[in-house]
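Shown below is the structure under consideration.
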Amino acid sequence: MQDFSSSFTLAANLIWSAKPELLEIITLSLQVTLSAVVIACLIGFPIGALLAVAQFRGRTALTLLFNTLMGLPPVVVGLLVYMMLSNAGPLGFLQLLYTPVAMIIAQALLVTPIIIALTRQVIEDLYQEYAEQFHSLVVPRRTAVMALLWDARYGLITTALAGFGRAIAEVGAVIVVGGNIAHVTRVMTTAIALETSKGELALALALGFVLLFIAMTINASVFLLRASAARMSYV
Amino acid sequence: MSKRQPTVVPLRKGQTGRPDRGNPLLPLKTTDLCFDINGKRIIDQVDLAITSDGISVILGPNGAGKSVLLRLLHGLLKPARGEVLWRGRHIDDTLRKRQALVFQRPVLMRRSVADNIRFAIALRSFPDAKHRLDRALELAGLTSQAYQPARALSGGEQQRLAIARALAIDPDVLILDEPSSNLDPGATLAIEQLIETARVEGKKVILVTHDLNQAKRIADEIIFIHHGRIIEQTPSPLFFNNPTSNHGRSYLDGGLLV
Amino acid sequence: MKPYTLSGVLFILAMSLLSISSPAAAQTGFIIVQSTTSTQNSGLFDFILPKFSAATGIEVRVVAVGTGQAIKNARNGDGDVLLVHAKSAEEKFVADGWGVKRFDVMYNDFVIIGPQIDPAKISGMKDVAEALNKIAASKSIFASRGDNSGTHKKEKQLWAAANFNPAKHSGTWYRETGSGMGATLNTAIGMNAYVMSDRATWTKFGNKASHKILVEGDARLFNQYGVILVSDKKHARVKTELGQKFIDWITGLEGQAAIAAYQVGGKQLFTPNAPCQ
């Protein structure tokens, strides 16, 4: 297929020429997704850690719930957020629909269960190692959670990365709540969807390569960070 | 066997050591203590009394139930039957805070050497945290490595750090589970010096080992256990010169099989 | 303690990102136009909207979805202006009180597109109903939008005109994609299927492969676009004043001229026909 090979050259040209439209789309993609991931981490890290450490009724059920929510279809999340933020919905007065903030909310909802579920796993593994020592030292619950989160920081960065990967690549939620409005809510994935619907397959694929390139850059930096952490036996 | 003098700096006067007042957690008494794992009795009707200061060494072959007994004494495990009383009180968080346990494989946090000690000190809100940190680093001989990752240390250094961290929170009782089981003679010596320091500072030391020579070097009294039962409890020189039990005798002769 | 510092840093980062990414509200104002993919994909909006913004200082934010979805969104109050192409649905929208008044804006036409080999032999036919019957009779694959869009509604009318109910054959030769025009065109090309599209989207479409227009020119393929101001009686937040300015402009001389001036490959894609002309 000629589209495929021409996409590589097109992608390289796109990045090389650094057109302001493309930069705008890339910047917005990163802003939306990074904000969503940061919010999801602020919510998900403590909840995941509590699920790993605390013993309470319904803990297994909650764990199961968050593991299930990991597979939530983005369109469903988009639809839920649309119904909340629509002028006909309960939060319509906030006037957030078709803004980047709406996209951040949708992606944060999408990513939070992933962060919670993976954090629980990471912290549980570490807690198995620390539990007896903490018991012996009589470490209060809150201190234990904070200490585990801090000591698992490199593992949690990978967790955040998994959330980032999910959010940056999804189109279903942001297109519904963002509306793919040019210069306002158009991000990489909605631009790809748009170009595909225009039949500009080579351009769509090229944008896909650009997205891949960004994701690769971020993955590579995290990989290097983890490698240096491993040298310090922190992982 | 004469006691070595500690090679570390002495405490500031009146700060921790309390040899004159007697240990506030003693005596330790267990009655009819039992513990099972998967239906197998690991600790079997143990009636133990530790009344004197100094170093009590729990000695016995592998699988005798030594580590489980330590965890029961420290309250990390709940007995199937019987009770553990420290000066008449059941072990709980308040009592555990006045004890410290050093595990066979030291549990070090994924932090620097100094931060491992800081974490423990911060739990007890001491007014002289900085001084305690410096002293613990000095005790462990790790002052120059204070900001290295703890888990990158050698085995001996890790165990020294774990003991110094335990001592930094100034426990009345220091409990150690095979603290030098995987260490070479030099590292073992350094550990034993640290333990001796704790003894000199008036801390009750309860130590588990299967190493006869170590027991001989440091013990004030020997508690010999086998198959989850206490076989004999004797002052150290007596045990090594003339054990009262047949099991003890054959262990000394190297003939006791698990 | 370090963990607190870390979460503090994360929080500040989140807040700063949020503040950057809040929409540029420096403009004098903006309206949201709920519209169809055909107007967007054809490039029409990219051509005419900068002219409107330059003249009025009002930014137009276009949400391009199927007509059915656009009408639903407008009913929820999530738009100030509706610009779609399904006249009866538009009139019902106004009659039900959701919209203020409907104006014709422009038109183009639908075309039947198919593969070069043309298994149903419909190339050059002038009667679209007869052409559809030949497709059905030969059981040639036909890709339908199946998404309740303006184009889908028109297609159903044409099947009705052909006295044929394709729904019974859904999943065999009649395939409902449930997607937008572009996605349906891509699907049709992938399946060597016949498909109905508005002329503008097809003309601008970049993945034509060997497909081409086979049937055009039947009066029943007429495709009228209408514009409606969403009523502020149901949703008080509708920007009536700015929305009305847009409607005045697009149905006025300037807007109509701009629509007429938009060409792709030397061909005009939309013909303005607002009532004031």
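Lettered A, B and C in written order, each chain numbered from 1.
As a convention for this text, contacts are C-beta pairs under 8 Å (C-beta built on N, C-alpha and C of every residue); 3 or more make two chains touch, one makes a residue touch a chain.
Owing to the predicted nature of the structure, the values given are computational and were not obtained by experimental measurement.
The chains other than subunit A, grouped by which ones touch each other, come out as B | C. Chain centres computed from CA atoms place B at the largest separation from subunit A.
Ranked by how close its mean Cα position lies to the mean of all protein Cα atoms, the top chain is A. Rounded to a whole number, the gap between the C-alpha centres of subunit A and subunit C is 31 angstrom. A separation of 78 Å divides the Cα centre of subunit B from that of subunit C. A separation of 47 Å divides the Cα centre of subunit A from that of subunit B. Each of the following residues of subunit A touches two or more other chains: 147, 150.
Multi-chain contact residues of subunit B (touching two or more other chains): none found.
Within subunit C, contacts with two or more other chains are made by residues 1. If you check the complex, the residues on subunit B that touch subunit A are 71, 74, 76, 93, 96-97, 99-101, 103, 107, 109-111, 119-120, 123, 149, 151-152, 169. Within the complex, the subunit A residues that touch subunit C are 28, 31-32, 34-35, 38-39, 41-42, 86-89, 92-93, 95, 97-101, 104, 146-147, 149-150, 153, 179-182, 184, 194, 196-203. Subunit C makes touch with subunit A in their complex at residues 1-4, 6-7, 10-11, 13-14, 17-18, 20-24, 32, 37, 40-41, 46, 61-64, 73, 75-78, 180-183, 185-186, 204-208, 235, 237. Subunit A makes touch with subunit B in their complex at residues 126, 129-130, 132-133, 135-140, 143, 147, 150-152, 232-235.
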